[in-house]
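By letter and in written order, the chains are A, B and C; residue numbering begins at 1 in each of them.
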Amino acid sequence: MNVTLMQSAMESSTPMHALRAATADPVLRVRNLEVTYYTDSGRAKALDNVSFTLNSGEKLGMVGESGSGKSTMALAMMRMIKPPGRIEGGQVIVGDTDLMSLDQEGMRKARLSKIAYIPQGAMNSLNPVMRIGAQMVDAVKSHLPGEPKAAIEARCRRALQSVDLDASVFRMYAHELSGGMKQRVCIAIGILLDPHVIIADEPTSALDVVTQRQVMETIDNVQKQINAAVILIGHDMGLMAQFVDKVAVMYAGRLVEMSTVREMFTDPKHPYARALISSLPSLENKGVFQGIPGLAPSLLRLPSGCAFHPRCSSAMAMCGTTRPEPRILPGGRSVTCHLYDGEASHG
Amino acid sequence: MTFKLVIRRLVFLVLVIWAASTIVFFIPRLSSRNALRERFGELARTGGFSPEDLEKIIANMNQQFGLDQPLLTQYWHYLGNIVRLDFGYSLYRYPSTVSDLIAQSLPWTIGLLLVTTILSFVIGNLLGAISAWPRAPGWLRGFATPFILLTGVPPVIMGILLLFFIGFRLKWLPLGGAYSVGVVPTWTWVFFFDLMRHQILPALALIFGSVGGWVLSMRGMGITIQGEDYVNFAEHKGLTAGRIFRDYYVRNAMLPQVTGFALALGTVVTSAIIVEGLFGLPGIGTMLNLAIRSNDFPTIYGIVLFITIAVAVLMTVVEFILPLLDPRIRHS
Amino acid sequence: MSTVALSPPVEKSIERPGSLVLFLRYLRRNKGLALGVIILLALVAFTVIGLLTVNTKNAYPLSVALKKPPSWKYPFGTDFFGRDLLAAMVVGMWQTAFIGVLAGGLGTLIGVFLGFISAYFGRWIDGSIRTICQILTPIPVLLIQVVIAGSLDKRDVTIVTMALIVVLLAWMGPTLVIRAQVLTMKERQFVAVAKLSGVSDLGIIFKEILPCLLPFIAAAFVAQVFVAVFASFYLAVLGLGPLREPLLGNIIWAAQSQGAFFNGWWWWPIIPSIAMILILGSLALINMGLDELANPRVRRSE
């Protein structure tokens, strides 16, 4: 197995008690979330019956190939799916509010205050013609219209401080900042209103390795300050392993496995997760990259049964015909695979 | 914006004015037509002085205006005059200078231009922005369609159509002229309203004739901008739709439109002048029309040069405004 | 490789449709382009059939009865000078097309030539061509054309000189467009490969770059025709056209000079106006459609 990553996962700064707090009231409950894109060439189910829960203070890493539904997931939770896409059903319950049941105005108010989104590619996420301060102030104002100006500004400066940015950034424009600083500004905006849930969509994808680490540490710090549940979307398993508590693996719009970091790296259950872990470079198999055979399937023409079966090394006869349903294994892990049909504690 | 850039722009402005002046100086001299001879020949035929007198008068005139000097000397003189906005004398209203004539008709043209240009720019950009805004209701977005269809119709033809339908058929508004026949220009409200009634159709012609272009270009810009990350992030931040529309979407889509405005100035002014001529409004356009009909060459050249200079100066002004709207230019 | 296995074999048996069918299919999606082409074809048909059946002499003064409103005998009416407006439209349309194609073609040719030289050879050649274009661009071209046309002897003003006057100051647009395209083209891999393998400059220009530029050249040509028709129309409206010819702008100028609306001869300016709207409208539609074809980024607009 993968020794270096396993170690880093175990040395992870997060204590394991956060995982055991599963009995506590979860701050985020996603139930049977479904998204379909209606394209000219047919319907594509980008998100298929996805469910999971997260407690406050928990950090979830969400991984998968591009097109596996990670970003769709984030957009669906923010209710920001644009036509031709449509949320077909499901619930996203933050605290005790189901976001899907809110009206337009209610959802607008919920964004940033209950559930915040930190965008992918910070390069272009800030308005080039407005000062950073103005872009923070207008965010606060839209949610707290009665707040006095001084209080709003103090709040913004506090947010900048907590992501280790100088107060002078408040008066700057986006083009005067480096990539890492812009990403920090986005994080600062994300925590302005102390949301219960923060979704960071590939927050480090456009940054260099050193800055990536710093940005991740920033997210880690602010998360501790406001004790929000964090969903980190990305494909850098190595970087993620050092910061998250749980890992969710997505494939073709489905959540195929969700486990603690340690379980995922030492004993992945789903064959796809297994293949992902073993394809990571490590000291042991250096020089030999083991890719996953085959191509990611097109969402327009998914294979019958389990979408992964044509690429799966442990595929059985039933995998081509019957769709596996997510099941919870003893210990609380969730796997969507026929291999564990017998072990399931309940379906 | 740096000092160096300001200097560069100003040098460019001088170059443009110099190029236009040079073209206007040399082209008539390449042609076989002699304005003085034509004018006085005509006078000789109608006014009865002999051909010998004609030659003397022309020689006299040539000397007076320095036309007997070498071409280069004339050219230097001419450039010096341009700097002082001195375009010489009108052939037809001899004692008055071309600059006087322009000064008389300029306020009319500026008034018409200012109102129509601002209205069509604002309306066009707003409609264009709305038509590309996916969150706007369908009926509102549909407003832009008729204007887009009008894009191909030049303001002059728009003017003729308006004259036909509103002036000729419905008889709601006058068919042309500055004010009604028989009305004496006085400082009264009656006269003022009569004056304004005559300005409505030309103004509408100019607005309808140019709105479509702005709608179309703003629509194209809007489609690009609404896909930008910062517009998306603004929605993630939970901003109200109005604020996203104004501060994130229109603010950014407008920037290229302002540059486009500077580039379109020449066409805008030209259209206004021709529409003025069509309606016979007092203004530069009617003056140009008369000058062309009466072969008053100094006036034609003077008007052309004056407008060219004005357009070039306005363009430079707009370019100086741009950095105020876009911090990226300010800091580069 | 499940996707490959899944591709249905049926597709192979379907024959690739011909290019005409593909073009027609494209037109169905690009409705603006289709409408523009249809209007333009109708105008061409009107002109051709007209030239074959109508007596073109009637397009000139004192050929028919004066000031007759539209009727069965004169479908478009006749004007103050005794011109049959139907014949005048046929001839005027033909002349407009002639000016447009001649001036548009020449302008595009000059633009392609200068754009290529500028972008391909770079350095001081590029610098000077670009500077000249930049200095000339802000000058209101039409007014300079007024100076040129006004300086000409009235007898020298013909359809051909009109076209030449228009070309004189209308090549900067295509030059800059083609220059920009060649510059991006030059950066592409295949040009570098051709250069490394010793293909001559001319070889690269004609074999590698020119074919890729055709859509842009076509778009530039249509835009130039539009500009030429527009400019010659404005010159004629100002009374600077060949006054005897039934050019559309001339007819409007004459109608306006005689106070057509004041005298109730509404058809006189309206008929050439409608013709002009159809011509410019179809060109604008085609231009926008070609833009979409040459520049797929615009295609996103539904």
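To be clear about the criterion, contacts are C-beta pairs under 8 Å (C-beta built on N, C-alpha and C of every residue); 3 or more make two chains touch, one makes a residue touch a chain.
Model, not experiment: these values are computed from the prediction.
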Requested in this report: Compare the CA centroid of chain B with every other chain's and tell me the farthest one.
Outcome: A
**Report entry** Pair of chains whose C-beta contact count is the highest in the structure
**Finding:** B-C
Query raised in the report: So, what's the distance in Å between the C-alpha centres of chain C and chain A?
Result: 54
Query raised in the report: Distance-wise, how many Å sit between the C-alpha centres of chain B and chain C, to the nearest whole number?
Result: 24
Query raised in the report: For chain A and chain B, what's the span in angstrom between their mean Cα positions?
Result: 56
Report summary line: Residues of chain C that touch at least two other chains are none
Report summary line: Residue positions on chain B within touch of chain C in the complex are 12, 15-16, 19-20, 23-24, 27-28, 30-33, 132, 149, 151-154, 156-157, 160-161, 163-164, 167-168, 175-176, 216, 219-220, 223-224, 227, 263, 265-267, 269-270, 274, 277-278, 288-289, 292-293, 295, 297, 300-301, 303-304, 307-308, 311-312, 315
Report summary line: The answer for chain A against chain B in the complex is residues 78, 80, 82-83, 108-113, 116-117, 119, 121, 123-130, 138-139, 142-143, 173, 175-176, 186, 189
Query raised in the report: Tell me, which parts of chain C touch chain B in their complex?
Result: 134-144, 146-148, 150-153, 230, 233-234, 237-240, 252, 256, 261-262, 266, 269-270, 273, 276-277, 280-285, 288, 297-298, 300-301
Query raised in the report: In the complex of these two chains, what residues of chain B are touching chain A?
Result: 134, 228-230, 232-240, 243, 247-248, 251-252, 255, 325-328, 331
